[in-house]
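Sending over a structure as structure tokens; questions will come in a sec.
Lettered A, B, C and D in written order, each chain numbered from 1.
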Amino acid sequence: MVTRAAAVTREVFGQTLLALGKENPDIVAVGGDLNVSTFAYLFGREFPARFFDLGPAEQNMMSIAAGLAFSGKIPFANTFAVFGTGRPYDQIRVGIAQTGANVKIIGSHSGITVGEDGVSAQAIEDIALMCALPGFHVIVPSDGPETAQAVRVAAKERGPFYLRLSRLATPVLHADGSSFRLGRAEVMRQGLDLTLIACGIMVAAALEAAETLARTGVQARVLNVATLQPLDREAILQAARETGAIVTAEEHYINGGLGSMVASVVAQGYPAPVEMVALHRYAESGAPAQLLAKYGLTAADVERAARRVMTRKGK
Amino acid sequence: MVTRAAAVTREVFGQTLLALGKENPDIVAVGGDLNVSTFAYLFGREFPARFFDLGPAEQNMMSIAAGLAFSGKIPFANTFAVFGTGRPYDQIRVGIAQTGANVKIIGSHSGITVGEDGVSAQAIEDIALMCALPGFHVIVPSDGPETAQAVRVAAKERGPFYLRLSRLATPVLHADGSSFRLGRAEVMRQGLDLTLIACGIMVAAALEAAETLARTGVQARVLNVATLQPLDREAILQAARETGAIVTAEEHYINGGLGSMVASVVAQGYPAPVEMVALHRYAESGAPAQLLAKYGLTAADVERAARRVMTRKGK
Amino acid sequence: MVSVTSDARGAQRSPSPVKASSHGTPTTPSPNYRQLREIARAVRRDILLSITEAGSGHPGGSLSEADILVALYWCVLRHDPRNPAWGDRDRLILSKGHACPGLYTVLAHRGYFPKADLSTFRKLGSHLQGHAKMGTPGVEMSSGSLGQGLSFGVGVALAGRLDGRSYRTYVLLGDGECDEGQVWEAAMSAAHYKVDTLTAIVDRNRIQNDRFTREVMELEPLDAKWRAFGWRVLEIDGHSFPALLRALRQAQETEGQPTVIIARTTKGKGVSFMENNPAFHGRAPTKEQLAQALGEVGFSRAEASAAMKELGFPEAKIAEWTGLMPEG
Amino acid sequence: MVSVTSDARGAQRSPSPVKASSHGTPTTPSPNYRQLREIARAVRRDILLSITEAGSGHPGGSLSEADILVALYWCVLRHDPRNPAWGDRDRLILSKGHACPGLYTVLAHRGYFPKADLSTFRKLGSHLQGHAKMGTPGVEMSSGSLGQGLSFGVGVALAGRLDGRSYRTYVLLGDGECDEGQVWEAAMSAAHYKVDTLTAIVDRNRIQNDRFTREVMELEPLDAKWRAFGWRVLEIDGHSFPALLRALRQAQETEGQPTVIIARTTKGKGVSFMENNPAFHGRAPTKEQLAQALGEVGFSRAEASAAMKELGFPEAKIAEWTGLMPEG
């Protein structure tokens, strides 16, 4: 399924927003002086009257988005993931989550693969933050095509959405226009020995690990959990029941992310051994690939976790 | 262990801070125009020069606290839990968590028992937020004496602390000066049939549920997990191993709090059935007791969860 | 600009206030100043009643803002209580959401919902939440966390401009609230985008939660701050209807920039022991204090009883509470 | 006020700049203006080298702030590069943390750490993080998230007052950064607490991340904003050492209120294709662009080679990069 093609999810967002803007005049955008980086400038260039740059003033940006939403607009609020979640958190919580406002937050440059900019720019807690808001849709697409569809779904479905995007090009795992269904996990590869559950850039790593495992006779199911909230509990429980062992993989701190949500589901539904591939501390500046290696987020790390969980499975 | 006495944890904080202020001239306080409610005014009245009210400007408050800390002070930043976590989250993250600043954040009026003020004031996501910060000590005391000790420990140990306190008086469960050990869960009651793991106001509810269960012959262990980060993994795993069934109870949203952290520990260490007593949505205005009943956070809810987990335990 | 027809669709703004009933949706348009003062008196009464019944809440800032809200809802806003979602309505956004008893009372008096709801304030199941929340008819924004309303108002006003609608957006802020940096982010952006359909009103009662603003955080020169952020500034007596209506009209006529009205008010206005008293920022009166307060606002036992009845209080409580009032 | 002794403990502030070496810890105190310009030229060179080597980073705002930092670190701050934790040191807090190449270079030139570290900027394992982070000698605050530095500086200054220390606190802010409401929260509180040991310097280069400040978010009248927030305001040419030193001295002499120096600068200063060009806010030059830039800043091939050597570049790269420079 992994092809050689790659796409930058934030660029796909910008292009999709531009297309949506042509289809629906109610779509507007607010930004925080990072519109080139998020590719929202594509929309702003075409629809300057529907685009409001607020400068680095993220609290204002989110509350303005709420005001626009309750006046019939569909605002896409875009900035880096750190500045679109933690910085204006209370504004999101009271103004968007508690009201169910029709605001779509796009957080680009998430995770440690933001790389050289260093820790202040590396969002490793945004999944925890956004999944702590009841009713907020939290989506972490795994590639370009899935991003395009998620952006379209966010525009179409009412209510608050958070989309977590990446700085770098990521391998294309999906055919165009395929697959993304809100709240539904996707089986990327079948297998009955264990399940690798991943989101975002770690889906490709999980697929790679699954191939390596297959070479040693271990058949891993790979589940792409692009919707973190609401979570597809049934798919996770099915994985626990049918494969009896789970590895989670995410570009996020160990607390409050995919791993802990999967653990909650299985502990409440069908206890099974889980191993987690995630971050255990803040990273640092460096080339993304170096950081992934140093902080344990490679396909090899997923594979090692798979072997650990297999030894636990029997017991 | 439950006595008839009650104490307001935020008041105990205020008194302890006052006492600490007399012992250590480096202790200072910053506040956000809620110093009467947090009882920090007791310190401010005695040490006006060491007390800085910043008004409702919580971002400024947290970054000023960081500046004070890196100049040798031990600042206690105090306000309501919502305004001391989500509102200045990025300032806490970059300025305090990523630097390991010696700042102590006191969030009073946490949870839904803030009551009549309604959802904007009810912090039900603060544990998730603060536990998403690597290295942050997150403490949810269960009563007055434990609060007093936790405040003292926070003042003594270097590094960032978050203390989650309550608006209302809570039953006194501990003798003065006893028990609190940073990072260590406390067995409040022995039992081998299942374990009730709770924090904050839900510890008293768990103890009450344990008594009810005991009357029907079910012996529940009760674990008070006052330190949410770093978590006492060993005590939780021991509970899983020795009792084989766990109920978690917290005044917090279901995601990112005690339940999900306990589930992570057992799923990674010793899979066992877990039932969670927690919030599943935003609450509303109302008397605290009414809200606890309506939103499922009573001793009876813990007991019901215990019965559910017991039926699962066998399987 | 002054309009109180109940069908706001056909509403024209007429220059001078005439008359209205002080109860419910006005049957006759345009109250005069005396009538406005009467309305405000009734509003203060019901603020006090609802907070006392709730046993908690924020009387100080509700009483200080009362005249501002009465001026807006009876003379300035184009609105339709029977159709709160009317797309062309003028919007009043209460940013200082803790002072919702003022807003709720005004909305009930204008007929957005039954006055009897006022006695359910802060109770389980009531739509009158402790801090104003969307869903309640007439409430334009969820609040409770200070500093967010002006930004929200900028968004509302920008949407109106995009849609070619002529509605105006008003945002009522506390003075202590202006400590929040977000207020200045919003101010800067409103001037940048030349949002001249936006009017901010600062309830300058000189007290915040714990103490006086000059003690907690000095705001002066407040007018210079707004001016430097690109706003037209009008400073007035916030308890004077002529001054309020004049300033609100001037705001409507301002082009190319937003206007802020710094309304000098008295926190706890109308009740001697609440006036200028930080202690009553966020504390409900006892029933004894209520009785005294109602008397000071100028109500007799009989009038207070009638009002309590309208607010849905049970007979026993009416007798008990009004019984505490001085004779006559 | 001007002091460049390397042992800051005995430092006295003397009124006029004399002379210093442009390399490492100055061996002679008090450089004159010409020497300061030389130092700044070398700083610009090494900013360009380190960003080019990193392949990412923020040249525009590093070049615009260079003269400000040189004035501070060579003539104003009481500091001791051999003892960065000295309790009585003056503090420079870089709030616009993306412009850390400017700070790192100045710190290296003053001897806080080896110049060779500059070629490790943004690389795995380096202490020279992409945004300044505490732990690096001389770095007073972790940054990268705009708007937090002035508040931090208020805390540092308040602590100094409590301890009876005489150090001064300087905070360098971007102009786009002033869009953040937290800057105004900090400004208000600094005036409220009369923190006159605090000086803010705004690098007024009129460009933020994407575009010009007047396009993204109009800041003018910026001086009136600070004045209305209770600050003394000095507005100067931020590339003039006489103006910078005069203003910094005036700030030191101000009592009862904090001072802000609005330093008018040119973003990308010194490099024609970077000057006033938003594209170079956050983009590294190519090696060809570097070669041109080094020439424009006034370095010959030989000088550039020597500098690269000092920064620890390998011979091959030195030959390759300087080979792209014009002859002579």
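Points worth noting:
Just so it is clear, a contact is a pair of C-beta atoms (placed from the backbone, for glycine too) under 8 Å apart; a residue touches a chain by one contact, two chains touch by 3 or more.
Please read all numbers here as calculations on a predicted model, not as lab measurements.
Using the average of C-alpha coordinates as each chain's centre, C ends up farthest from chain A.
Here the chain pair with the top count of touching C-beta pairs is A-B.
In whole angstrom, the spacing between the mean C-alpha positions of chain A and chain D is 37. With each centre defined as the average position of its C-alpha atoms, the distance from chain B to chain D rounds to 42 Å. Touching of two or more other chains is recorded for residues 133, 142-145, 147, 179-182, 185, 188-189, 217 of chain D. Shared interface positions of chain B, defined as residues touching 2 or more other chains, are 54-55, 57, 59-60, 82-83, 87, 90, 93-94, 98, 119-120. Interchain contacts join each chain to each other chain, per the touch definition above. Taken together, the chain B residues at the contact with chain C in this complex read 33-37, 41, 53-57, 59-60, 82-83, 87, 116-121, 284-287, 290-291, 294.
Residue ranges on chain A touching chain B, taken from their complex, read 82-83, 86-87, 89-90, 93-94, 97-98, 119-120, 125, 128-129, 131-135, 229, 246, 253-256, 259-264, 266-268, 271-276, 279-282.
Interface residues of chain B, counted against chain D in their complex, comprise 28, 49-50, 52, 54-55, 57, 59-60, 62-73, 75, 90-91, 93-95, 98-99. Against chain C, the residues of chain D that register as touching in their complex are 179-185, 188-189, 191-192, 217-219, 221, 224-225, 227-230. Residues 54-57, 97, 122-126, 129-131, 133, 142-147, 176-177, 179-181, 208-211, 213, 216-217 of chain D are the ones that touch chain A when the two sit in their complex.
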